[in-house]
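Listed next: structures, encoded as structure tokens.
Common to both upcoming complexes is subunit A, partnered first by subunit B, then by subunit C.
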Partner chain A sequence: MTGALAANARVVAALGRRSIVQTLRRPQLLAPLIVFPTALLAIQTAGAGRAVDLPGFPDVPNFLSFMLAGAIVQSVMFTGNSGAIAFAIDMEMRFTDRLYAAPIARSSVVLGRLAATATLGAIIATYFIVLGLIFGASIHEGVPAVIWIIALTSAAALAFGTIGAAIALRSNNASVVQGIFPLVFVVLFLSDAFFPANLMLEPASWIAQYNPFSFVVNGIRDPIISGWSATTELKAIAAVIGIGALGFALCAAAMRSRLRRGV
Partner chain B sequence: MSWRGSWPSIAVLVKRALNEITRVPGAAIPGVLAPTIFFLGLTSVFGSLTLLPGFTTSSYQSFLIPVSLLQGAGFTGAATGVNLARDIEQGWFDRLLASPAPRPVLLAGLVLSASLRCLLPATFLLIVGFAVGVHWPGLGGLVIAITLVMGMAVVAATWGTSLALRFRTQSAAPIMQVGMLLAVLLTTAYAPQHLLTGWLQEVAKINPVTQVVEAVRQGFVGSVSWHDTWPGYLTLFALAALLSFFALRGMRRMTL
Partner chain C sequence: MAAIETHQLAREFEGGIRAVDGVDLEVAKGEIYGFLGPNGAGKTTTVRMLTTLLRPTGGRAEVAGFDVAEDPGAVRRKIGVALQEAALDPLMTGRELLELQSTLHGLPRRETRNKCRWLLDRVGLTLAADRRVGTYSGGMRRRLDLAAALVHTPEVLFLDEPTTGLDPVSRKAIWEEVRKLNQEGTTVFLTTQYLEEADQLADRVGIISGGKLVAEGTPGTLKAEVGRPHLELSLVDQQGNESRAEAILARFGRPLPARDGTLMVEIERGSAEIGPIVVALNQEGLQVESLDLVQPTLDDVFVHKTGQHLEGASRDTDESEVVAE
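Now for the complex of A and B:
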């Protein structure tokens, strides 16, 4: 039993390593994770920076400190999407067929991809924290907050990745997975990733208060701008577990469907 | 071949490009949806910025619609570059280069089709915009806005064409799209010049596309004046001329 688990873990690690190398080698997969969120962070911070003067805006050292959590979540959502596109390409090119023919658990193929997404999430969190500190952001809760943010971001990336993987498994088509890219923005705009929910216009303001992605953003943002809040962090953990559980359930259903269809 | 004699060739090239809208309607959807999602999303998120002292209008929808219109034109123009890269990869463009049609005629066919195709996202955006409260810019303001948006599509198409001829692969698509997105966003896109902060205030001041954004915006947030209009047209003319030079040079190099 332990031996089988260890063997599976080795397969997951090997496939995860392959996925990370694949992302780093293909600029079209890497650029959306780093270049686009960084450019948007820089432009929105400078373009809407005076928002901190609005009545009702949280007390923050600067707008960059506020925006950092939004940029991190945006980037990991893109990571989930990019990973799913790469996964769908693997299926289109029949690479996954060869893996299914090998004596390994089918779930390892998906878990390998998700392990890579989680690792990339940790790298992205580190990148944005360093970038933020260089350009004047401050982390209110210091080093423990940095460790917490990296861990939460990594878990969130894995959770978001399960949704993308489920769509890839269901559609078997990279173009379909690419088509969900605009939906990432819809989800982000309907959360308080870029602005406090109380200052957003209706109905976005109302939706943002209940959007689970807002809980994840606030779980990352609170230790940066104000301080620990057990309620906020528990909500963030619950949101990550909820999204992940939904994604895993969808992945399992898609895998069963593929087995039934013989693909 | 005279320009008068070239019109039928240009018309055929434009018609071929426009055929894609009816034959592959799915390809046009992202270009229409993306600016609309950005428009609705950004107005919901940053709408309260109008409460800042010194903001030039009380309607953020009216303030932002020009940016989304220009984004739509930018994406459409970039798509022209991607389509050209596909034609180069598949060898179809070689046949055009071997034809007796002069290079400027080939370029005119590409960029004019972009200026017409951009009317699709622009119309959709304006319908959505007016439905959610964008101010009516007046007939003059609307005509100025639409002609400038068509001009922006020409600029974006010459940009996309230059890059397609330089890289000769569809993999260059992100550079075409991101280039246009940044050109539009590094302006007074989110707030008036005096309310921008840090580096963006300086960049927006020297970015020529700011003149285009302001010229399109004037009717939506106030009254139209020649003083605010001509810099926009002049900027587009200069950018189109410069980028056309690079595109034509790229065509010449393909045949060397």
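Now for the complex of A and C:
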């Protein structure tokens, strides 16, 4: 039993490593993770920095500190999307057949991809924290917050990745997966990511308050700008678990459907 | 025990398309079995079922003694698979691909390194091992794909159209490797749409058309079934001499109806009879202008069994479309 688990873990690790290398070697997969969120962070911080003076805006040392969580979550959502595109490309070129013809659990193929997404999530969190610190942001809760943010971001990446993987498994088509890219922006702009929900107009404000992605953003943001809040962090964990559970269920259904259809 | 055994194996896709329709196969251990058929005949669907990538919707199949539907894991441990169009990641290097494949088959790390080095050397890719696959030629990709199928020393090797699209030199290199593997004891199940490939490599050939196995046997037996070799010849001064020539040819075998002025005779002993025929015609003052000994081919077998030619023939429904649905 332990031997089988160790063997599976080795396979998942090998497939995860391969997925990370694939992302690093394919600029069109890597660019959305780093370049777009960094550019948006720079533009918004430079152009909308006076927003901190608005009545009702959270008390923050500067706008960059507020924006960091949004940039991290945006990048992590792009990571899930890029991972799903890469997965669909694997299916299109039938690389996955090579994997399915080997004596491994079929779920290992998906888990390997998700392990890579989670690892990239941790790398992204580290990158944005370092970038923020260089350009004047501060982390209110210090080193423990940094560790927490990296862990939460990694888990969020995995959870978002399951949704992308389910779409890839269902569609078998990289273009379809790429087509959900604009939805990422809709979900983000209707959340706390770039602007506080309490300052939005209705119904955007109402949607943002209950958008699970807002919970994840606030779980990352609070230790940066104000301090620990058990309620906020528990909501973030619940949101990650909820999104992940939904994604895994969709993945399982898509896998069953593929087996039935014979693709 | 046979290496591969199927009984009424069938696969029906959504919409009622029956890509494989009751195929019975028995491939002996150590055999090279050529599975021949045009595009859309059901070759790839059969291979996908035998390699556990696709569940049969009817019948049963055993590979290396294990049922493909009931014990797919055991089958996968015993087989090597090189699929059509070499599904390789262009961003990986050759070495990385082999190392990944070794991990998938549970080889220990130390053994992985040594095995990969040995396999790269065997297929002549040592110098290109650390280059990305995207920079490889078609022949190099096929050789890498073959090496990847061998990392765990499989009992049964499935090669799905291993030389499609390759130049003659690369094709011959793959044939050499397949022969060598077979001599080392590996059973090879090879699908192809090339007659020469089946003729050169296969101990036995199965011909599939419309999802059904229409003929099976050694290439020699199958060809003998459809007829003997025949001689086609024309004379320097043929006009008015046809009947005299036909009378002479009739002494050597059964005359066939002339086609476009070419005289034809079926001969039993093949090339051994060419000399005596030419001498006999000369003695009667008839000089041969051109002469061609025509052997029956597997295409003749295919035409005989299905009424259509093998190469270039295809059904209305393309199999690749069916599989991709």
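A few points about this structure:
The definition used in the following text is that the second predicted complex is superposed on the first by the 263 of 263 C-alpha atoms of A that agree within 3 Å, B and C clash if a C-alpha of one lies under 4 Å from a C-alpha of the other, contacts with A are read in each partner's own complex, and residues count from 1 in each chain.
The working rule: a residue touches a chain if its C-beta (ideal position, glycine included) is under 8 Å from a C-beta of that chain, and two chains touch if they have at least 3 such contacts.
The shown structure was predicted, so the numbers you read here are calculated from the model rather than taken from an experiment.
In the superposition on chain A, A:Asp53 makes contact with subunit B only, while subunit C stays out of contact range.
In the superposed model, A:Arg25 lies in contact with subunit C only, and not with subunit B. Set against each other, subunit B and subunit C differ in how many residues of subunit A they touch, and the higher count belongs to B.
After overlaying the two complexes on the shared chain, residue contacts for A:Phe95 are found with subunit C alone; subunit B is out of touch. Applying the stated contact rule after C-alpha superposition, one finds that A:Pro103 touches subunit C and leaves subunit B untouched. Of the two partner chains placed by the overlay, neither subunit B nor subunit C lies in contact with A:Arg256. Within the complex, the subunit A residues that touch subunit B are 27-28, 31, 35-36, 39, 42-51, 53-55, 63, 179, 182, 185-186, 188-190, 194-195, 199-201, 204-205.
Residue ranges of subunit A in contact with subunit C, taken from their complex: 7, 10-11, 14-15, 18, 21-22, 25-26, 90, 93-95, 97-104, 172, 259, 261-263.
Residues 30, 33-34, 37-38, 40-49, 51-52, 171, 174, 178, 182, 185-186, 189-191, 195-201 of subunit B are the ones touching subunit A in the complex.
For subunit C in complex with subunit A, the touching residues are 11, 13-14, 48, 51-55, 73, 76-77, 79, 81, 83, 85, 87-89, 91-92, 96, 100-101, 103-106, 132, 148, 323-325.
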